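Consider the two complexes below, in which subunit A is the common component and subunit B and subunit C are the respective partners.
Coming up: the complex of A and B.
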């Protein structure tokens, strides 16, 4: 039964996942080509200097990629479900709603996290080859909120889409937007260094909130 | 589910505590200008230039008013270019010979903002050759890191220059340096007249001076007063070469490190708060104008540059902000960024208990409305309205009360 459920999730999302993965790959290739070009043109020392003394982050094109990826995956997975309230049919399967939702959200969340980890690993192998560890860890802290925003965007899609009434969908959307906005308040590299624990807490909050939407759908709020 | 609903309510309240005070600020922010003030070495009082509604007044702290030409002449250290052009610059003052060049060479500006200190840094530093063969400073082709050990990293290959690293590390250790350092201060730019390298405070509050001279390490050890804890150093590299650096302690005391012998002298101004106050020192041949700007106002101290005595001070209070309505409406505010640092983190600021006026009224209104609708009064919603006033009520309107799932 769960295998069939996951297969359904796969059919809904596969083309979108492919699109997200390809977009990410192309962007990373582009960013490294550009950094490579800069190093060839002005020399590594100057590039290091720009990063260290002028607080420039060389991979800032990455900023909204995880956010868009998360939102796209969430929408591709849950828009079909809420059209004509199809998810209600899913809930008629001989499985508990909790189990079904956990598998559905888990599917998307784990695939997205996996994709992000692959991108993260690629980016950091590249940066590590070109720059000192101090610059690598600074870069990691710089992109961390962007990736967390991607995960939040995915969870927010579920939180908003699964909610059965428009009366609550709009507040849910506003709250999600507000929370995600916090992750884009500063472009200063590593500005979010004091925030990792709160980012984790925020992720847990989103999971709890979407649970509320699932519950409201289950009890049939109109 | 009830706990989740309460969590959602609290989250909404925090988001409102972030957005509403922000909107309030946008609607009510006023400019906060202090007059330009500078100690006159001629009139021996503060010259003040104030512009209100595009009307400029020129006066001094004793109440005399001036024309522009008179004002120029009492502040020759500021307007020396204008005075020179008009042929009105005196050739000496207090027995000190002066001309445009001498004044320009001795004038300096030092600016410190708390955000200079409180920001994420990448701890890799450029050590220039202090005695370059050419006139201009050149990038050295490496950067050093200083933790327990000093290491030079070469950007072109991303590898460590072991020989140079060992040589400089040994020189630092020989003088008693114990890493990791607390402060590594220098100016990593080639756009300066000369290079004085780095001033480094180690884990035991000992101060060292590190330079590269003819490719070899030079390490000086500076004796600091026993009881101070430095938090910030600015290496000056000013044309007059009178001092190496300014040092700020955690208590906001201000010290100068002089060239030739590393004499450390305290600037006789009251301590300021290095976490929230801005500092500007405008120095000249005769006086240092030490300007401290805090939330409550701006104070300018005139310090005699020859004997380091505090001469006079003048304070301008910040304009009174009418925050009464604000503190009644909002019990607290949440902000994530600050002008005093470059970090993003939650900062909650309580406004006091005046908000209880609105909170109690709102709660009463809420209870009456619920009674009128013949509905029960949800405990958590009522508690949140009492605790957070406007925010709590708005949250309950936006997402419903805590009993509704």
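Coming up: the complex of A and C.
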């Protein structure tokens, strides 16, 4: 039964996942081509100077890609469920509602995390080939909040979409936007390095929020 | 007879608006029961409560002995559900949806599903979202038949269907339910279709259940009466509903029988020579009982 449930999620999301993966791949190719060209044109010393003394991060085009990826995956998975209240069919499947929700959200969350890890690994293999280890770790800390924002965006889409009333969807959307905005307050490299607890707490908060929406849907809030 | 559904003292409000108060009913095993009511009387609300999508303000519904708000997977397996508008996973094609549902129901029988699909002459890879409303209704019907469930709950199955598809749906469902001894709980706006399908009718009015009984008993007892008279009798002293008098023509409905009506009218000094008793279709009886407004 779980396999069939995941099959349904796969049918809904497969083309969107492919689009997200291709967009990520193309963006990474573009970023490395651009940095490689800069190194050739102005020299590695100048690029190092830009990174170290001017605190510039050379891969900032990546900033909103995880956010958009998370939102797109969340919407592709849950918009079909709330359209015509199709989620009633899903909750009528002979499984506990908690099991259904956990597997559905788990499917998206794990796939998104997997995709982000591949992108993360690709980015850092590339940076590692070009720059010193200090710059690599600094870069990792710079992009981490962006990827966390992608996961939050996914969970926020579930939180907003599953909520049964528009009256509550709007505050839910505002709360989600406000929380995600926290992760984009500073462009300074590694600005969020001291805040992993905040990122973990935010993720847990979004998980609790989405369960609240599931509960409200289940009891038929109007 | 064993009851598949039991609702006791059910009360529900949307805000301050009372949908019903202290509603009690039971659906016996093996019966096809139609829930009839005007818009806003709580038909879909009842279906939502039964399937655990809505918590009533008070009272409870039980399906196969379990509280409807907390149905176990094994009870859900016994209940096939058709949502209003024949909603299904329209992002799937018919081969995918058959494969998907088959995994959830151990008694899944793909024969009726594919039999219906073959009648539609649609390709197995055609997405449900690209089908007409009538074709989608047949997909939804095929799925609930293939589930081989003990109880079928159908919310407004006739919505959006043209007469041909409505007839096909009713005939197929009726044949299946009687042959397999299934219990069916159904709502529909189109009462002519219900007359061909249901054994028992439940009629909801605003705030209460007016009636629950076999359709033939209801239609044998509930009649329309017409007569002419310049004066109207005191309706409050008569067992009638929704009396109307336009000029000298009177029309009213009653389940008391012609003899009782004649006796009542005579007691009030009315001549009853032209009193006519008329048998009704289910739709006419429904309008007679609930009123035109």
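Throughout what follows, the second predicted complex is superposed on the first by the 222 of 222 C-alpha atoms of A that agree within 3 Å, B and C clash if a C-alpha of one lies under 4 Å from a C-alpha of the other, contacts with A are read in each partner's own complex, and residues count from 1 in each chain.
Rule of thumb we're sticking to: a contact is a pair of C-beta atoms (placed from the backbone, for glycine too) under 8 Å apart; a residue touches a chain by one contact, two chains touch by 3 or more.
Computed from a prediction, not measured in an experiment: that's the story for all the values here.
K.L.:
Aligned on subunit A, subunit B and subunit C: do they clash or fit?
P.N.:
After superposition on subunit A, which the two structures share, subunit B sits beside subunit C with no clash.
K.L.:
I'd like to know which partner A:80 touches here: subunit B for first, subunit C for second, both or neither.
P.N.:
Second partner only.
K.L.:
Name the contact category of A:187: first (subunit B only), second (subunit C only), both, or neither.
P.N.:
neither
K.L.:
Would you check which partner chain A:1 touches, where first means subunit B only, second means subunit C only, and both and neither mean what they say?
P.N.:
The second partner, subunit C, only.
K.L.:
In this superposition, which partner touches a larger number of subunit A residues, subunit B or subunit C?
P.N.:
B
K.L.:
Which of the two partners, first being subunit B and second being subunit C, lies in contact with A:96: first, second, both, or neither?
P.N.:
It touches subunit C, and subunit B stays clear.
K.L.:
What is the value, to the nearest 10 degrees, of the angle subtended at the Cα centroid of subunit A by the Cα centroids of subunit B and subunit C?
P.N.:
140
K.L.:
In the overlaid three-chain picture, which partner chain does A:219 touch, first (subunit B) or second (subunit C), both, or neither?
P.N.:
It touches subunit B and subunit C both.
K.L.:
When the two structures are overlaid on chain A, which partner does A:61 contact: first (subunit B), second (subunit C), both, or neither?
P.N.:
neither
K.L.:
For the superposed arrangement, tell me the lowest C-alpha distance between subunit B and subunit C in Å.
P.N.:
Result, nearest C-alpha distance in the overlay: 12 Å.
K.L.:
Taking the stated contact definition, name every residue in subunit A that is touched by subunit B in one complex and by subunit C in the other, in rising order.
P.N.:
On subunit A, the overlap between the subunit B and subunit C contacts is residues 219.
K.L.:
What residues of subunit B sit close enough to touch subunit A in their complex?
P.N.:
Contacts found on subunit B: 1, 4-5, 7-8, 11-12, 15, 18-19, 119-120, 122-124, 126, 139, 141-143, 145, 153, 155-156, 158, 188-189, 336-337, 342-346, 398-400, 405.
K.L.:
Where on subunit C does subunit A make contact in their complex?
P.N.:
14, 48-49, 51-55, 69, 73-74, 76-77, 79, 81, 83, 85, 87-92, 96, 99-101, 103-105
K.L.:
Considering the complex alone, what residue numbers of subunit A touch subunit B?
P.N.:
43-49, 51-53, 129-132, 134-135, 138, 141, 145, 168, 171, 174-175, 178-179, 182, 185-186, 188-195, 198, 205, 208-209, 211-212, 215-216, 219
K.L.:
Taking the complex as given, what residues does subunit A use to touch subunit C?
P.N.:
Spelled out, the residues of subunit A in touch with subunit C are 1, 3-4, 7-8, 11-12, 80, 84-86, 88-89, 91-96, 217-220, 222.
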